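Chain lettering (A, B, C and D) follows the sequence in which the chains are written, and residue indices restart at 1 in each chain.
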Amino acid sequence: MKNDNHASHHVIVPVKTYVAVFVALLILTFLTVFVAQFDFGSFNLLVALIVAMVKASLVVMIFMGLKWNKSFDRFAFFACLIFLFIFFLLVFVDIPLRSYRGVEESQHINLKSPVKLIAPGEAPVHH
Amino acid sequence: MSQVALNYLNATKGLKSWFCTLDHKRIGIMYLICIAVAFGLGGFFALALRLELISPKEILFTAKQYNQLFTLHGAVMVFLFIVPSIPASLGNFLLPLQLGAKDVAFPRLNLTSWYVYVFGALFCVYSMVAGAVDTGWTFYTPYSIDSATSVISMTLGAFILGFSSILTGVNFIVTIHKMRAPGLTWFRLPLMVWALYATSIIQVLATPVLAITLLLLVLERTMGIGIFNPALGGDPVLFQHFFWFYSHPAVYIMILPAMGIMSELVTTFCRKDIFGYKMIAFSSLAIAIISFLVWGHHLFVSGQSDYAAMIFSLLTYLVAIPSAVKVFNWVATMYRGSIQIKAPFLYFLGFMFLFCIGGFTGVMLGALSLDVHLHDTYFVVAHFHYVMMGGTVMAFIGGLHYWWPKMFGRMYNETLALIAWAFVMLGFNMVFFTQFILGSKGMPRRYYSYLDQFQPLHAFSTVGSWVLAVGFILMAFYLIDSLLNGKKAPSNPWGAMTLEWQTQSPPITENFLETPVVTHGPYDFGMEKQS
Amino acid sequence: MSMLVNKPHHVAHHFASEAQEFESARLGMWVFLVQELLFFGALFVAYGIFRWWHPQMFIEAHHYLSWKMGAFNTVVLIASSFTMVMAIRSAQVNERKPLISYLLLTLLFAGVFLGVKYIEYMEKIHHGLLPGHFFSAQGVSEYLHLFFGIYFTMTGLHGLHILVGMGLLVWLLVRAIRGEFHSEFYTPLEMVGLYWHFVDLVWIFLFPLLYLIG
Amino acid sequence: MDTSLQTESLLHTGTTFFPEGVGPFASSMDSLFYFIFWGSVIIFVPLILVSIYFLIAYRRKRENQLATKQMTHSTFLELAWTVPPTILVLIVFVWGFKGFLHMSVAPLNSQEIHVSGKKWFWEFSYPNGNKGIGELVVPVDTPVTLLMTSEDVIHSFFVPNFRIKRDVLPNRYTKLWFEADKVGNYQVFCTEYCGDGHSAMLAVVRVLSAEDYEDWLAEANSGDDLPLDKLGEKLYTSKACATCHSTDGTSRVGPTWKSLFGSKKAFVGGGTATVDENYIHESIVNPGAKVVAGFDNVMPTYAGSLNDREISALIAYIKTLQ
């Protein structure tokens, strides 16, 4: 069997790189919280997801070492992401296109004690 | 090769040497025993069901008992028998042998997955004795949320069995990637290995979705989280999507390894190189991948959106093509071969006949408009039994007969094998061909009682189930007999080319005295001329 | 496959070389993580469907979660991922003391994460913001229990993974103290590291999707 | 089994594989079936015959006999058995899909009947306010749309002679339509497993001639139940809908009901939808879910204060306000 992965086995990443990624992840966390203050309408989700994906890529490529790992591992991981995407896609081609009848579920919920609700931090917003 | 007294069966003695073994061959045998027990149990439930259906009126069981019986038949056969059947028993035994390896990549994990299987099976057995579950093996919500029977234990059982399946899949993928003997390139792998590889991919990618689905169902019953419960604002259709995202690929977990066995059988017993090696190998991978994209065809009559129905129906037809290609390739392999008709090859022929019928009726069910009429009728029952039993079980039995001398070092009685095969084929077609007609005439499945006009066909089907049972009982008899009285098997009784036949029967603990070096393809029978 | 004559002592009997063993373990780990990805992925599909149906309810619901605690926990997990890679690096360069300190730090961060999670859960329980049958909050929109069903399932399963990870970290710590890891052998460290980063990865998506819906 | 529900149904007549076909879907579906059937026979029989021929012609006569030819591929053959089957299944796909679309689009003039599946019986609510259990009465040669929902678990409504089937779900309306072109009694089955009474959850579709149907209506109308849309009109005032919703097109606190059904609405917070039965139902029991743009979310839920029939009545009434 081929032995070309022996090198990847011994990749030693400089501390500098790890620290840089760590700092970048912190900044991106701050960014995602920061942009959540603004309302981009239906783009809110998109923005949050893009930031999350950048963070995830950093973790996968550097911390988990896929950048240096040229073997089948890398293919397996990305192929799986495609499968996950298809799963999402096909479920969303069906269920949201069906019409949905609201159900009187309020009758089924066990309303026990009248708890006054205080949201941590801020007051609930009603629309 | 001269007979060496020491082999994996007698290398160490005592129960502990089996229950703590890390030898893939012993683990394969332990799986085989469990699977045989599960098949017997599931078969017993099936006979009981058929007996009740001999009359449209209640004769043996109440409606509730009947519902529990068909649920247990389905759950035992699917989760305990057919999903682990070929990969975990034959696969475990063969994979390292065919790769020329000493063991699978993670022997401890292998043993663990057997224990996980047994643990999961215990949950299922508990569910049977403690208020047997009556939801159908599909656990559709909201019925499974409200049912008063022991749904949770069966669900947890299937959940745990799923992990056993995942661990086996992980182990096989790594083994195939990393443990091949020197010179054994990807295109020199036996097609059984390709099939197991494709199977493992599905096991790893699909089973976790089943796991989370069943977990959510348990949470639904215990805490009412509401995701699948329409009474709480949830959606039962989402459950069906989740469930079939696993359970449709699971059908291919069952059939792909069977197809692998077919390729081994046809080459050995025709002394022919396989026709279209790459086509067959890649069609296994193609089936594995496309099988993930067709689950929605189980939801055609659930009010599915027209777009989704269109996509799923089209993709369903795409997955049919690679299966058809395999069948044609096997027939082509027989051309100008040197065909020896032995028991394993009889099962090869049985598979071809039954699987084709299963496949053609699958084409009918994949047609959107026809599916509306045929969905949830006996037509579907007959179709999947032709594929699962006519396909997978036939191949499993064929493979078992083929590798039996290698596994136990004994030959079985060929005449009795022929008679048993005849019973199985006759009985099977009696039971299930009638059900095609029942179904298209409008007989719904999971019916405890039925309209009088369906009785003749139902009764005929029930009589067929007895013929089938006789075949299997005979088989159990001569196989057990061979262990005790069978004549000693040579290392390569069929004259096959793959690596497992290059070591003694039964093999030694680490499989090969010396790691083999591979210089040619797995079915290179053309070489025999020179030698 | 290289035929090593002198096998290092830790290579299992059925492997031919240390490289083969390491790569097998790493591939096995990745395939396992792929399985984990589908496991959580299905939950994200469920999340997506319910969010699509009840966008207003999701917006209301996220006001009952504390984004501050969520953000704090995100930072904690990222820090633990950082200490984890540093631990592996220490083993690679044969630095035993830093290895132990980094593992300890990772374990500490994991504990802090679960501690914060505990405070959050307690607050939810206090307000009756619980899944399904246990939901008792009033004056909220009627599908809110669904959000908390999803919230508790997702964060609960994630928390469970953290707990398993902590167990693995303790096991690593014991082996590290015994001095079993060095530049030629750190396979278990690498494997647990992959697992740990994956758990971090899940949280990276959970945090904005649950706490920052706007 | 409850034999009172057993009909002199036409399940035993018809072809080998099908009960007698009634209505617009049967002929196309049966032809598709027989197309696949004969196509399969044309492929299957030669395949088996060739295999048997090979078995006989190339059987091993001596122990050491080798194959006479090693052939590992043939591009021509491989194309020959890949391309034609692909074309055939694509034909089948298109044929099936067209049939499916035909079944999912009901004619505009069809008569609407509400179907409710419960453990373990079928309840039918007619536009004139009548209700029937276990028996659906329809006139011959008239398109009928069934608007179906379940009270408990999933059921499925199956009439073999009509070749129609659709799941009946607890949180949705599903639709099914048919047009019986032959007078008679037709068996209805539940085909989604629903518990102990599953196999007894039967019903009959009675297809009557035009005159018989009139007679049946006259007899049934002697009851004092209001027709659905008349009941809806009554509820419009008695349940105070009129406070916020006009029927003449003027805008009050809420959107007018005039020409509401079938119109397209944009919602607060994004998204649009066409007003259909499901939307109206949702707006009654969960008004805050989709608030029409330009209005405030002030309507209280009517869940619990209106039963299903009353909600259906309001839907029927809104439909009349075109």
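Definition applied: contacts are C-beta pairs under 8 Å (C-beta built on N, C-alpha and C of every residue); 3 or more make two chains touch, one makes a residue touch a chain.
Just so it is clear, the model here is predicted, and its values are computed rather than measured.
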Task: Name the most central chain, where centre means the mean of Cα atoms.
output: B
Statement: Relative to subunit C, the most remote chain by C-alpha centroid is chain D
Field: Distance between chain centroids, defined by C-alpha means - subunit A, subunit B (Å)
entry: 36
Interchain centroid distance [CA atoms averaged], subunit A/subunit C, Å: 13
Query: What is the distance, in whole Å, between the centres of subunit C and subunit D, each centre taken as the mean of its C-alpha atoms?
result: 46
- prompt: What residues in subunit A touch two or more of the other chains?
  reply: 1, 72, 80, 83, 87, 91, 95, 98, 100, 103, 105-106, 109, 127
Statement: Multi-chain contacts in subunit D, i.e. residues touching at least two other chains, fall at 170-172, 269-270, 286, 288-289, 301
- request: Two or more other chains in contact with one residue: find those residues in subunit C.
  value: 1, 20, 23, 27, 31, 34, 38, 41-42, 45, 49, 56, 133, 142-143, 145
Query: Among line, ring, star, complete and other, which best matches the way these chains touch?
result: complete
Complex contacts: residues of subunit B adjacent to subunit A: 177-178, 180, 182, 205, 209, 226, 230-233, 235, 237-238, 241, 245, 292-293, 295-296, 299, 303-305, 307-308, 311-312
- prompt: For subunit C, which residues are in contact with subunit B within the complex?
  reply: 1, 12-14, 16, 20, 23-24, 27-28, 31-32, 34-36, 38-43, 45-46, 49-50, 131-134, 142-143, 145-146, 149-150, 152-153
- prompt: So in the complex, which bits of subunit D are touching subunit B?
  reply: 1, 6, 9, 11-12, 14, 16-19, 25, 28-29, 32-33, 36-37, 40, 43-44, 47-48, 50-51, 54-55, 58-60, 65-74, 77-78, 81-82, 85-86, 89-90, 92-93, 95-104, 152-154, 156, 158, 160-161, 163-167, 169-172, 174-175, 187, 189-200
- line: subunit A contacts subunit C in the complex at 1, 3, 5-6, 9-10, 12-13, 15, 18-19, 21-22, 25-26, 29, 32-33, 36, 38-40, 44-45, 48-49, 51-52, 55-56, 59-60, 63-64, 69, 71-73, 76-77, 80-81, 83-84, 87-88, 91-92, 95-96, 100, 105-106, 109-115, 117-127
- prompt: How about subunit C: which of its residues touch subunit A in the complex?
  reply: 1-2, 19-20, 22-23, 26-27, 30-31, 33-34, 37-38, 41-42, 44-45, 48-49, 52-53, 56, 59-60, 63-69, 71, 74-75, 78-79, 81-82, 84-86, 89, 92-93, 123, 127-129, 133, 135-140, 142-143, 145, 193-194, 197-198, 200-201, 204-205, 207-209, 212-214
